[in-house]
Amino acid sequence: MKGYAMLGIGKTGWIEKEEPICGPLDAICRPIAVAPCTSDVHTVWEGAIGDRSDMILGHEAVGEVVEVGSLVKDFKPGDKVVIPAITPDWNSIEAQDGYPMHSGGMLGGWKFSNIKDGVFGEFFNVNDADGNLSLLPDGLDPAAACMLSDMVPTGFHGSELAQVEYGDTVCVIGIGPVGLMGVAGAALKGASYLYAVGSRPDCARVAMEYGATEIINYKNGDIVEQIMEKTNGKGVDKVITAGGGVDVIGTAVKMLKPGGRVGNINYFGGEDYIMIPRAEWGVGMGHKYIVGGLMPAGRLRMQKLASLLVTGRLDTSKLLTHRFEGFDKIEEALMLMKDKPSNLIKPVVTIKW
Amino acid sequence: MKGYAMLGIGKTGWIEKEEPICGPLDAICRPIAVAPCTSDVHTVWEGAIGDRSDMILGHEAVGEVVEVGSLVKDFKPGDKVVIPAITPDWNSIEAQDGYPMHSGGMLGGWKFSNIKDGVFGEFFNVNDADGNLSLLPDGLDPAAACMLSDMVPTGFHGSELAQVEYGDTVCVIGIGPVGLMGVAGAALKGASYLYAVGSRPDCARVAMEYGATEIINYKNGDIVEQIMEKTNGKGVDKVITAGGGVDVIGTAVKMLKPGGRVGNINYFGGEDYIMIPRAEWGVGMGHKYIVGGLMPAGRLRMQKLASLLVTGRLDTSKLLTHRFEGFDKIEEALMLMKDKPSNLIKPVVTIKW
Amino acid sequence: MKGYAMLGIGKTGWIEKEEPICGPLDAICRPIAVAPCTSDVHTVWEGAIGDRSDMILGHEAVGEVVEVGSLVKDFKPGDKVVIPAITPDWNSIEAQDGYPMHSGGMLGGWKFSNIKDGVFGEFFNVNDADGNLSLLPDGLDPAAACMLSDMVPTGFHGSELAQVEYGDTVCVIGIGPVGLMGVAGAALKGASYLYAVGSRPDCARVAMEYGATEIINYKNGDIVEQIMEKTNGKGVDKVITAGGGVDVIGTAVKMLKPGGRVGNINYFGGEDYIMIPRAEWGVGMGHKYIVGGLMPAGRLRMQKLASLLVTGRLDTSKLLTHRFEGFDKIEEALMLMKDKPSNLIKPVVTIKW
Amino acid sequence: MKGYAMLGIGKTGWIEKEEPICGPLDAICRPIAVAPCTSDVHTVWEGAIGDRSDMILGHEAVGEVVEVGSLVKDFKPGDKVVIPAITPDWNSIEAQDGYPMHSGGMLGGWKFSNIKDGVFGEFFNVNDADGNLSLLPDGLDPAAACMLSDMVPTGFHGSELAQVEYGDTVCVIGIGPVGLMGVAGAALKGASYLYAVGSRPDCARVAMEYGATEIINYKNGDIVEQIMEKTNGKGVDKVITAGGGVDVIGTAVKMLKPGGRVGNINYFGGEDYIMIPRAEWGVGMGHKYIVGGLMPAGRLRMQKLASLLVTGRLDTSKLLTHRFEGFDKIEEALMLMKDKPSNLIKPVVTIKW
């Protein structure tokens, strides 16, 4: 079969590969909508997870089941399904402990385009089909639903980590597609004032549509100062960090009230240390919670988030600035993600077989 | 001064009374918007809290500060303020334990029109002004803001008690003004499917505007059966009970998934027992949480909820089906609440001095 | 193979049966220590779960693995293991939702001696071996470790459900073996005053050894009154109900402070309704949480609880009032459990093959 | 009156000062047991909170009430009381938000020997007596109870912040008096394996008595490596940091499992940044929670912790290696704390008037 792969650090291309094998608990799917992710860019051009050769890329997909293993009970060939980017081993110790995304070890639930071939192939394997697939609800656009794989669960996890509550004043730093879902997620969890930090006009406009009450542009000055001014020196209740380098955590701590929480949904690729400013962290005693976490995934998570689309609570189509048609357009979509033109939020490729 | 009072069980009328005295921590306020509550009706015509004579009624108000005690730091005469229905003693053991509404004993934070005169007087006393008042944000309609005293915090507490999460399927039983705020609160906390149980067309219409996805009318059959059918026999994740008699808790348990939660925001006036069906409660082992609680109140709560109005997340004006102007209209508004015409959701009285 | 079975309601006996089959994810074990449970008595002599014929009884066991399925990674024949009474399907929706014990439906994780043969056979099947077995730590007495299957996780779940915190005043109602583990669990979670309600002297003595600070005997008067007197009319912070009929929940609510929690670990076999006293439940607004739940189980749970035995935090051997040796003594042990002599806490049978 | 004061950075001495004035909500107390704290040493000899002149030191005390304000309801002259080191303003926004220790601003609940005179005077003022004092239970040794002011609530807060659960493997870094209470608190919340990091033999011995299962001595090698070896490379569930400089947080993160939590109870005096190792923090996505917080205080907290002493769950007398008698011995006790001889854990001074 054909797949679009990382050939080595800095190199990608189409390759031929054996079709994946379906274990007793697995499903084999064909992609019907896929989206490249900034993580794919990090993986290939920054070598963020180390070298890989001939590894098929991609981890955001809606697909059709073509084969299921002998122990799979709830899915059958022909089912249209949402596939999460993270596919945990549900009986692992870590899943039992409430952290399925770390099954088998830290970040161990991340398998696609990391430790096995991703979704940019004609076929791909999904481990634990019953635990990780969910049916695509009738009437949902596969392209819009494809945002359920990663953008929505990651963005919404920001508010879960930060524990946004009714009336909280929240700052979301970064308004790429994940940050925009961070904004939408905070609004949908009861934030009142919602400051979105970013500079690209198209993203800023969509951030306002998703519920931001004001855009903070770093070009207008230090963002901590801007936030402190807007909050009368009080700071915000919660910060979601969805962009920036490792410095963003320190920035978040500085703009936070005592008892506040930083929910990080960034993948930090560089630097050895994340630096927390001692004084603003309350000399160790300010009850400013700092945590970051990989998205929760699996079947239930996909179902619950999909139901937000079905009931009209969330409209992911606003993210889809660039739509492509056809399996062979995956390369073009990925290159767009790499080049990040200013009007790009998220490209998506739909595929008819 | 003049006030509209409960004269005894079943009797109300205008009375003359001494002006309230301002203790060192207190404020004296004049009402500028007040609303009668079903609780006032229970208090007078059902004797729900026992007999009272010449007790001024009312616990929902926006007002103007006219005097503050010597230890009050943050408010001064002339300030326009939101006054919560519940005014805790913040240094009590119970408040330190996270339950300020039970300060000094169960439901002990409920003082207005219960253990002291309420807000339907020319003046009223607010205990612990710094802890319980909050400034009326500029530009907010006092009538709409008056819903912050009780309707919003009580309705929203349903979703807090039931712990509504992203994508939850929720049922709100009862769509009077508190139930409608229960609906709005569930939507604003991330519910997907949101079934609202009620029969009055005007309330049903507003429930849909506040985020219900479907109205369940008990006139169309048993509501548990209707819910089970709509959820393919699975039941809902959470139930908010905001209407009905004591039977509503059993009804809620029956429609709930294992691990689900009932958040009750009803005041139950009659019957000796609330009956939980043993089998549907999982023979004691189904992890179906049952809890009900008086609204959280105080200054921070009022500020946070008011910020939801300021930022446009919530529009309480949809509740206000009947508006009156003038202190002397309080009686008419209360009688309307008592008679509950089918087009009534909530009456409000605004007052110019 | 041979097994001790329920032949029908009210009847038990030794039967011959086919050896269990090992699926790809399963393990087959031989028992090396087993204990009968009051649930076995309910099942047989009260027909609590309906009729069953030739179903092998028992769900508390330490065993030795004799066979594993092709997909099992972490266990091999010869391993000594602790087997939990509840063996969830870990990839189910319910497990993903945090309630593995309800996998596949309410109480669905309860398989042994309910929907499949139990552990009183020469061999028994354990579903999802990697998810549900845990290694017996070196040096632990299998008889003492056998209490990890059900008594410890069920008893300790009381304090988890009731959310016992440092310095809480706690009442545990019922001091059979589960209640005694309820007492130990509350002490081990930071309770200060710990009232244990019961009347049997041997149980009372052991309750004090496990951390009770005082025994409340219902023979000395109404237990609510006794508790209220001891707490100066305040009531307790938390109640764990581990005995009694459905009335125990109402009793618990009456002795509870506002904001308190009842954690029920009883299986209620009879009556249609559990009755909550309206007034003492704060007329629906007292924030008195009521919840009951089947024990959390699985590999991690077994490991964590076993580590409490290894480190000497908990000594389950005090429960073992009657020890038997030999597979054929299972009948005698079960009959003892049925007859409940006053000096019985828990019988256990150890088996050498 | 007389008091032992900080005269300036690096200088202390006895001074004469006006007796404190009793506001309407306040109490004036005489000390009957006081203890110097490492914080006093930081304050004076490291200038940790900036310069102060003639500020009476000390914040750990049991005392006798000599005067109460007109609004105080629950205390009267002659009452023996425990006084917490932190005395919040209970009606503040921050207290309403669950963080009373930050009332009025970060760390704002810390008043004694910071923004007002401490307890090393013949008399001292306690703000909000009803909210902050608690009666000394009959029969408790004032010297032992004096550990309730700071050592116990601070040490126990470690396990609260880290959310220690049944069977958790926990590491406590630092075994001075606060760290020892961290050890005791972890054991009392259900930790199984409990590694205590320290090197002083007397502290190590007491750590074992308080429930440590093993002492990790940094003199035997890198403590992260030692912990990883003991946990088979898995790391621990929770870390409590109760000693060391800012580097201790990074150390904690390195030895932590994904989903684990660091609860810091250190006051960090120096360095600009706390450095979190990016890779071991899961590149931002490992769900390793980092938080530190000032002790919760107030009347309820004191009551609950005192009840642990009364019921024999905790014996603070093991901390008291050096006992003094007489007000004039305060200086000697403080100097001992400054010099930290190897056999010192905590000095205490009892006073008869």
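Labels A, B, C and D are assigned to the chains in the order they are written; within every chain, residues are numbered from 1.
The rule we apply is simple: a contact is a pair of C-beta atoms (placed from the backbone, for glycine too) under 8 Å apart; a residue touches a chain by one contact, two chains touch by 3 or more.
Quick caveat: nothing in here was measured; it's all calculated off a predicted structure.
*Asks:* Figure out the least number of contact steps between subunit A and subunit C, where 1 means they touch directly.
*Replies:* Minimal hop count between subunit A and subunit C: 1.
*Asks:* If I rank A-B and A-D by number of C-beta contact pairs, which comes first?
*Replies:* A-D
*Asks:* Could you tell me the distance, in whole angstrom, between the mean C-alpha positions of subunit A and subunit D?
*Replies:* 41
*Asks:* Where in subunit D do residues touch at least two different other chains?
*Replies:* 97-98, 303
*Asks:* In the complex formed with subunit C, which residues of subunit A make contact?
*Replies:* Residues 24-25, 71, 90-93, 95-98, 100, 128, 130-132, 298-301, 303.
*Asks:* Which residues of subunit D touch subunit C once you look at their complex with the stated criterion?
*Replies:* 156, 160, 165-169, 185, 187-194, 213, 303-308, 310-311, 313
*Asks:* Which part of subunit D faces subunit A closely enough to touch in the complex?
*Replies:* 94, 97-99, 101-102, 105-107, 246, 249-250, 258-259, 264-269, 271-279, 281-294
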